[in-house]
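You will see two complexes here that share subunit A, one where it goes with subunit B and one where it goes with subunit C.
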Partner chain A sequence: MKTIYTVLIYFLFTSLICAQERYLTKNGSITFFSSTPIEDIKADNNQVLSIIDASSGKMAISILMKSFMFKKALMQEHFNENYVESDKYPKATFKGRILDFDTIELTKSKAKVTGTLTIHGISKEITIEANFAKSKEAINVDGEFIVNLADFNIKIPAVVSKNIQENIKVSFKFNHKPYKK
Partner chain B sequence: MTKKRITLVILILGIIGAFVAYKMYNKPHVDVADSKSDIVISADKIQSDFSTNENLANSNYLEKIIEVSGEISELTLENKKGIITLKTNDDFGSVLCHLSDNSTQKMNTLKVGKPVRLKGICTGYLMDVILVKCEIIN
Partner chain C sequence: MKKLTFTLLLSFLTIFTYSQDDLLDVLDEETPKDGKEDIVTSTFKGTRILNGHSIENRKDKELEFIISHRFGRINSGFKELFGLDETNVRFSLEYGLNDNLTIGIGRSSFEKTFDSFLKYSLVKQKRGDKPFPFAISLFGSVAAKTKDEPFGIKERSFVENLSYVGQVLIARKVSSEFSYQLTPTYVHRNTVRQTDDPNGIFALGVGTRFKLSKRVSLNGEYFLAFNESTSINARNSLAFGVDIETGGHVFQLILSNAITMIEKSFITETTGNFFGGDIHFGFNISRTF
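Then we have the complex of A and B:
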């Protein structure tokens, strides 16, 4: 009986410690940019949810496709209705982990993040490099990477194929704060 | 004479066509401040609708202009843009209202703990219900 209690108390404490080591932002930003001689397309999303578990270096990101704001309403409409089909696939997600998370210092340092990126219902393993700055009060991450539209089965009609790049530059910036509640 | 007339008609049609195409290309975004709300709801109700059945709530609320009322639990400024968090009965979920530039300037008139009424466009549900381009009504 005693051992059961010991085990229970042990689990209780470890879960409490883990809960304190979560860092989170609900206002992360992701911007993507496509530039062709015909037109530049840029969209911002400032409502990205990102969580880092500081004890394991695991990272989870959730993105609402309809939160991407374009300069032109028509672009936003085409993006949601035709390209990423956000009624069918309302979210994009990333689940993965930060490599060598323990070695990241207060000052800016580079680290690799590896995991599964899911856009438009299609999952792909990616590994990218990002800039990290870690302290007790915050974990800040920013960086950029390239998304190939064909990889995620996002089809661009031939009529507008000259207006949109095949490889889209995506940049991100997440300022995580310790999660309390 | 008739040939001239035909070319003139074609020319006029062409100009109209180009004008319509240009107008469509530059179609403005929905003006939240000037539009009527599609749905009037409490912060509590919309949050519980999303947490019980997200798919159903998505089809009911996404891209609609939602007028939401609730108690302010947090006021934040991120990248010069105001965010109002509305309290709900749920311990974890809330309604996050991202303000327009115009309403961000009016945010200093608001206080935590006070009731507020806002309208904005619903983009979905992560940990919280998210509304963007919000305007403060009162």
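Then we have the complex of A and C:
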């Protein structure tokens, strides 16, 4: 009987720790924007998954490429079919950690995030600055950074090179809530 | 002792599973599985495989302008500049009433023919949890020939000059490189040249595309007619071509034994022998707004 109690308490204890440690969102948003004199291209994805492990400051993001919504359906089709090849590479991911996570305060404060960004099957180490706000109930992150398409082997054909920027501005916003399994 | 060992083993096990628990794996687990259906897109690049329609539709409120040309026969020699002196041109406007229903009107210079069509995407090919192996679309068109009959032949009324086409388009994208389509077709002509020519013609179309690169594909298309007009010694239509895609445009370069670009004509009125050199060079250019 005693064994069972020990085991049960143990389970309770570990699951409790887990629950308090991790913060998750399933509807984080990522927007990218390319602007040229000929054409503005904008796409939104409001189904981005992001998780933060508050004990270690580790962070992971998973982005389903087909969930990017464009204004023009044909653009969306070309984005998936010709540029990011969503059938071959359905997801873009980020895996890394937040530097000096413990110093982040309740109000907005800046912190650096460093890790591996994988798009179109190609991984690249990046370090960016993001805005953080942390409390017991939530961790909110937002910011923006630049993605160079050539870095991820996403080619722009010469005929439309005037329509698409080589460097794409990506902005993100994640409101993480405590994650219970 | 036994108890202690058990507890230790348990804690070891949990720590082990915990350390294996990568954050990205957690996200994979948490990805909503039920929500979206994984619909297969871009089975073909354009709304035409070559001469005939593909299952691709124009999307909601998109307008596509297509200019198509077919020149004369390549084997007509230098005097005709290998067919380039003769040309059949078709202009068309095609509009997506919604994502699944496209309406189109066109006009071909060949026999001064007007045509209109509706194409409806009935079923989509799907992957994922609820897969479905094929995409099925329905196609219907009416064409009106408005060219006057040659001298001495009785003028036909408007209704007599009408033809109708019904098709079921069944396509499958096998891989991102290879797609094929089967197209059972029925063509009805209100008037035929000679009374022993059939008014109704059944045919089966086969179309394929191989992608050579992300923006270039090689297409082939064949329509096998089960009964044909004997008065003109009609042949099955065969076409090969290349799709080149650039942003909002699709260019199609085509070699075909048919000079016409609408179903009722190239399926039932083609007379050229492809392998005898009766080949028409042509192209389709589309621009989507």
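In this text, the second predicted complex is superposed on the first by the 162 of 181 C-alpha atoms of A that agree within 3 Å, B and C clash if a C-alpha of one lies under 4 Å from a C-alpha of the other, contacts with A are read in each partner's own complex, and residues count from 1 in each chain.
What we mean here is this: a contact is a pair of C-beta atoms (placed from the backbone, for glycine too) under 8 Å apart; a residue touches a chain by one contact, two chains touch by 3 or more.
Note that the structure is predicted; figures quoted are calculated from it, not measured.
**Student:** Are subunit B and subunit C a fit on subunit A, or do they clash, once the structures share the same frame?
**Tutor:** Once subunit A is superposed (C-alpha atoms), there is a clash between subunit B and subunit C.
**Student:** In the overlaid three-chain picture, which partner chain does A:60 touch, first (subunit B) or second (subunit C), both, or neither?
**Tutor:** In the superposition, A:60 touches subunit C alone.
**Student:** Scan A:157 for contacts with subunit B and subunit C and give back first, second, both or neither.
**Tutor:** second
**Student:** Which partner reaches more residues of subunit A, subunit B or subunit C?
**Tutor:** Higher number of touched subunit A residues: C.
**Student:** Go through the superposed model and pick first if A:29 touches only subunit B, second if only subunit C, both, or neither.
**Tutor:** Once the two structures are laid over each other on A, A:29 reaches subunit B alone.
**Student:** With the two structures laid over each other on chain A, which partner does A:46 touch: subunit B (first), subunit C (second), both, or neither?
**Tutor:** first
**Student:** When the two structures are overlaid on chain A, which partner does A:168 contact: first (subunit B), second (subunit C), both, or neither?
**Tutor:** neither
**Student:** Examine A:95 and indicate which partner it touches, taking first as subunit B and second as subunit C; both and neither are also allowed.
**Tutor:** In the superposition, A:95 contacts subunit C only.
**Student:** So, does A:73 touch the first partner subunit B, the second partner subunit C, both, or neither?
**Tutor:** In the superposition, A:73 contacts both subunit B and subunit C.
**Student:** In the superposed model, identify the part of subunit B that clashes with subunit C, out of 55-63, 73-81 or 109-117.
**Tutor:** 55-63
**Student:** Identify the overlap between the subunit B-contacting and the subunit C-contacting residues of subunit A.
**Tutor:** Dual-contact residues (subunit A): 26, 47, 49, 62, 64, 66-67, 72-74, 87.
**Student:** Quick check on the complex: what are the subunit C residues that touch subunit A?
**Tutor:** Listed in rising order, the residues of subunit C that touch subunit A are 3, 6-7, 10-11, 14, 18, 22-24, 26-28, 30-32, 36, 38, 41-42, 59-60, 62, 99, 176, 214-215, 245-248, 288.
**Student:** Under the stated contact criterion, what part of subunit A meets subunit C in this complex?
**Tutor:** Contacts found on subunit A: 2-3, 6-7, 10, 14, 18, 22, 24, 26, 47, 49-51, 53, 58-62, 64, 66-67, 72-74, 77-78, 80-82, 85, 87-88, 93, 95, 155, 157, 159-160, 163, 179.
**Student:** Which positions of subunit B touch subunit A when the two form their complex?
**Tutor:** Going through subunit B, the ones touching subunit A are 24-30, 58, 62-63, 76, 78-79, 81, 83, 91-92, 96, 98, 123-124, 126-128, 130, 132.
**Student:** Under the definition above, what is the set of subunit A residues touching subunit B in their complex?
**Tutor:** 26-27, 29, 46-47, 49, 62, 64, 66-67, 69, 72-74, 76, 87, 90-91, 181
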